[in-house]
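Scrolling down, you'll hit the structures one after another.
Two complexes come next, and they have one chain in common, chain A, joined by chain B in the first and chain C in the second.
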Partner chain A sequence: MSVPASFRTRRLVRIRRGLTLPVVLLVLWEVSSRGGLVDARFLPSLEEVYFTAKRELIDNNLIGELGFSLFRNVVGFFIGSGLGILFATLLALSRTADALITPTFNGLKQISLLAWIPLISIWFGFGEQAKIVFVAIAAFIPVVLNTYEGMRNAPRDLIEVGHALQFTRVQRIARILVPSALPSIATGVHLGLIYSWLATVGAEYFLAVGPGVGGLIIAGRERFDMALVMVGVLILGVVGFILNRLAATVESYLLRWRATTH
Partner chain B sequence: MASRAHLRISNVSRRFRVNGGDLTALDQVSLDVRAGEFVTIVGASGCGKSTLLRLGAGLDVEHDGTIEHDGKPVTGPNLDRGIVFQEPRLFPWLTVERNVALGLENAVFSKAEKRDLVAKQIALVGLAGFEKAYPHQLSGGMAQRAGIARGLVNRPDVLFLDEPFGALDAITKARLQGELQDIWAREQITMVLVTHDVDEAVYLGDRVVVMSPRPGRIRQIVPVDLPHPRARTSSRLASIRNHVLDILNSTTSDDLPKMAAKQPTSQKRPVAKPGPVQAALHNKSAERPLFSTTEI
Partner chain C sequence: MSIISQDVSLAPAPNEVPVARRARTSINRRGFRRFAIALVLPFGLLLAWWIASNQGWLPEQILPSPAYVYSTALEMIASGEIFYHAGVSLRRVVVGFLFGALAGLKLGMAMGLSRRVDDYVRPLFLAFAQIPTLGWIPLLMLIFGIGETLKIIVIAKGALVPMTINTAAGIRGVPESFVEVGHALRFSRLQTLRLIVLPGAAPSIFTGIRYGLTHSWTALVGVELLASSEGLGYLLVWGRQMFWLDVVIVAMIAVGVIGFLMDKGLDVSEVYVQRWNDREGE
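So, the complex of A and B:
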């Protein structure tokens, strides 16, 4: 299996172009920090950030902090998106449930995620539980919206084919409704993954101290250690980027039956 | 071939409510189809031919009169009655193989038997080598072959085909018509095919049921007393085709004054009076010609 050369060069060119802007930004950062264009206390040099990162990695438990964050993220994400798919399936399949619940859900989803924090902190305290609940809510909402849309828009033509082939209710759901909703479900889960990572940081930031990358940033701010803040921000960005790529890869594998449009 | 009626449609009427009014799509239609027979139904749009097919297949059960298959009333879809639609209606997330296997989903065969039947059916419609292809990778003709394979795989008693070649180009269409005829001759499955293509109806049918619109009725049933497989160039076939066209023209001409009243502008055109055939043609969406007379 050899990849055509033209395809490989195209890919390389794409990667190079994608990297251009970050490199330019890093250079600008370094130049302005070292050249005294900005106060180095507000924008530390790359070198300082690098040494801070190294210190955190070796002397302090950076990997451990990241592990805590990822753990909350993953647990909350799976709870939220799993419940979201089940909940949306119920709404899409049951007329009664749809009529009873959907209007209320549509109202509740308008509430900003951050507005839940006071309630969650009072109901669940400030510990792990509260953080995971917050992350789960963040993943839940986009998953529900997209899954519901996808299931409701199952093609009539194919449902009729199922009718002609005497599909049972279960077969209709498993063979037609769920697969035809898969692209929407994937979009929802992908969004859920992004939201849940944002919410993980939000939870760590707003729900007081505890281990995690959010805690790192708070500590940096309190100690006026901007290099530490930068380390935290960069880690958040990189992890978010990796999660996004991961989701895209899984998505394109699950949806390989679709005609590629690019 | 037994002469008993295999599919018996007696005094069937079907009304639809459209904008508060009643529209009679089928009015007192009776038709008997013998076991192993190939019946084609042809007519201008609005003559209820597709409605009749859906009723026969059991996809629509809101009708007056009786429909019986093998002596039992048709009350819904059944695996003994297969159906092929104009669009292939394949499941885009399944490979060709698994799409065809859907036809056996609820059939009582062992797993191995099913696998065997699917492979045989795929070979029969000429898709061997494309078992693992997804629908988006197929041409229109290949996709329709897969659709036909799904309808046939369970070896139904009757196969209903609703304009199965209507969306295909002329060359592919001619080839698939020939192949369908071969499959029918070999498998001895009763087939009922609805079409707006007179050539197709006459080429394939043992009998051609000519229907007239508003309300949908059977105008005449024309036997095609030529053995299968047939040569498209046969002069007998051509004269039967002309006969069917004449009947169609006379059915649609009854309708002309009404249409003219509805579309007064059409009379002002210098080309003036469209022939009845063209008038019927205008009813159908523009990209699909009513009659193709340029078959190969």
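So, the complex of A and C:
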């Protein structure tokens, strides 16, 4: 309402420009698949993608599959990030633990996440357990890194105040370390959420037993059903986007007190 | 971009070479102690592993003995097998990363320099970036088959996204006043770009390179796990199928070591390229 006119037109321009490319691409897509410029097996028409989506949603219980994926994601995420915060707190608090464990942890984190899958599948099989373990590892690593970093960088003067007030260990954690590390912890948890979604998809690709969106995509590929693969990929993107937004919202809510102290 | 702090390395990891060297030059006893303490856990684990497999607590297929893994590693080194597969993987990563990073650098520069380009491209780009690299693999497999092209594209995509976002953000972040100095000095557009904008954006571009390389490496492992007949990812899958856990473990170690070396290499080159930036840093 009170937005200056120039601001408003600027926004309109941005929206118009932002929509241009997607619309052009969609039109090109439709034209080339209808006009037979491209093999329809590689580029099914929009209509076909839409009908596939509808079929999967209504007849084939896509929501249920998605539920399975999300369930794994959430369980693994909570286990991984919970353990991650505890573990990082231990490392940040105890010099001994830090000296003993941190280097090994740093070494192990070098191994790319997906490379753990074969080992996990041998140790935990292909079932739920293996998938959840994998998702938990994916969330664990960024949470540990960021929490540790945040607690390590707690302002010195605050820690000294704690000494002066003769804080106990518990007080030191609750009053100083956790609050000052909260932004980093939030970043870690946010990353953990993104990584755990990636890991959920990965787990369903590679440990392909049981329902889930990843399994759906793999099935689509095996049947050379491009429309199905596209629907699956789209869902991955949408869910990832929603999780990301959710994390950002929670993050800014938890950190709202910071705006006033600065 | 809160995605940036993922790779913050924990405490100064006492990595072998420098610490050993420092200890020899004898001043830094504390460094040596740290190093020794850091080795306690790996050796403890190794001992536990050795005992567990020696006592037959776990079947060979679940946990082969360390000695067995060691001899497999030696064998694979002697026969050159591990170097062959690592070489294949490395070549793919280098080629894919170069394509992706250069494309990302150009796209990011275009988006950072021109509002117009940014307006047009960003929404679509972000929508594409939303879908994890792993998600694209099956789709790309249908289009490109399972050959080298697929791998290069997937790896390039891994590098493209962080490179574009960080380059654009870095260029946007160059203070207006710097650019004005350039105007005052009557710099040409190219000079402004080369002498002001790019150096100003360098730290951010480096962040992009670092994430790009990490993502490329992860993407490589993913794509090799799904579709490959050579490379470290293939070695992992193959070992898994044959229940040769020793091969799996050796391949994992190779993945870790190469990841580590690439990270260190970037550290060194970042310090070198940005040596002029020393005083300012943090």
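Some notes on this structure:
Throughout what follows, the second predicted complex is superposed on the first by the 222 of 262 C-alpha atoms of A that agree within 3 Å, B and C clash if a C-alpha of one lies under 4 Å from a C-alpha of the other, contacts with A are read in each partner's own complex, and residues count from 1 in each chain.
One rule holds in what follows: a residue touches a chain if its C-beta (ideal position, glycine included) is under 8 Å from a C-beta of that chain, and two chains touch if they have at least 3 such contacts.
As the structure is a prediction and not an experimental result, all values here were calculated from the model.
On the superposed chain A, the two partners chain B and chain C both fit, without a clash.
Contacts of A:161 after superposition: chain B is touched, whereas chain C is not reached. In the superposition on chain A, A:69 makes contact with neither chain B nor chain C. Once the two complexes are overlaid on the shared chain, A:257 sits against chain B while remaining clear of chain C.
Chain A has more of its residues touched by C than by the other of chain B and chain C.
In the superposed pair of complexes, A:202 makes contact with chain C only, with no contact to chain B.
Applying the stated contact rule after C-alpha superposition, one finds that A:89 touches neither chain B nor chain C.
When the two complexes are overlaid on their common chain A, residue A:176 makes contact with chain B while staying clear of chain C.
Look at A:52: by the touch rule set out above, it reaches neither chain B nor chain C. Taking every C-alpha atom of chain B against every C-alpha atom of chain C, the smallest gap after superposition is 15 Å. Counting contacts as defined above, no chain A residue meets chain B in one complex and chain C in the other. Here chain A touches chain B in the complex through residues 157-158, 160-161, 163-168, 171, 175-176, 179-180, 182, 256-259, going by the rule given at the top. Those residues of chain C lying in contact with chain A across their complex are 2-3, 5-11, 13-14, 34, 37-38, 40-42, 45, 61-62, 116, 119-124, 127, 130-132, 134-139, 141-143, 217-218, 221-222, 225-226, 232-233, 236-237, 239-240, 243, 245, 248-249, 251-253, 255-257, 259-260, 263. On the chain A side of its complex with chain C, the touching residues are 13-14, 17-22, 25, 42, 91, 98-108, 110-119, 121-123, 142, 145-146, 148-149, 152, 184, 187, 190-191, 194, 197-198, 201-202, 205-206, 217-218, 220-221, 224, 226, 229-230, 232-234, 236-238, 240-241, 244, 248, 251.
Residues 57, 59, 77-79, 82-83, 85, 87, 89, 91-94, 102-103, 105-106, 134-136 of chain B are the ones touching chain A in the complex.
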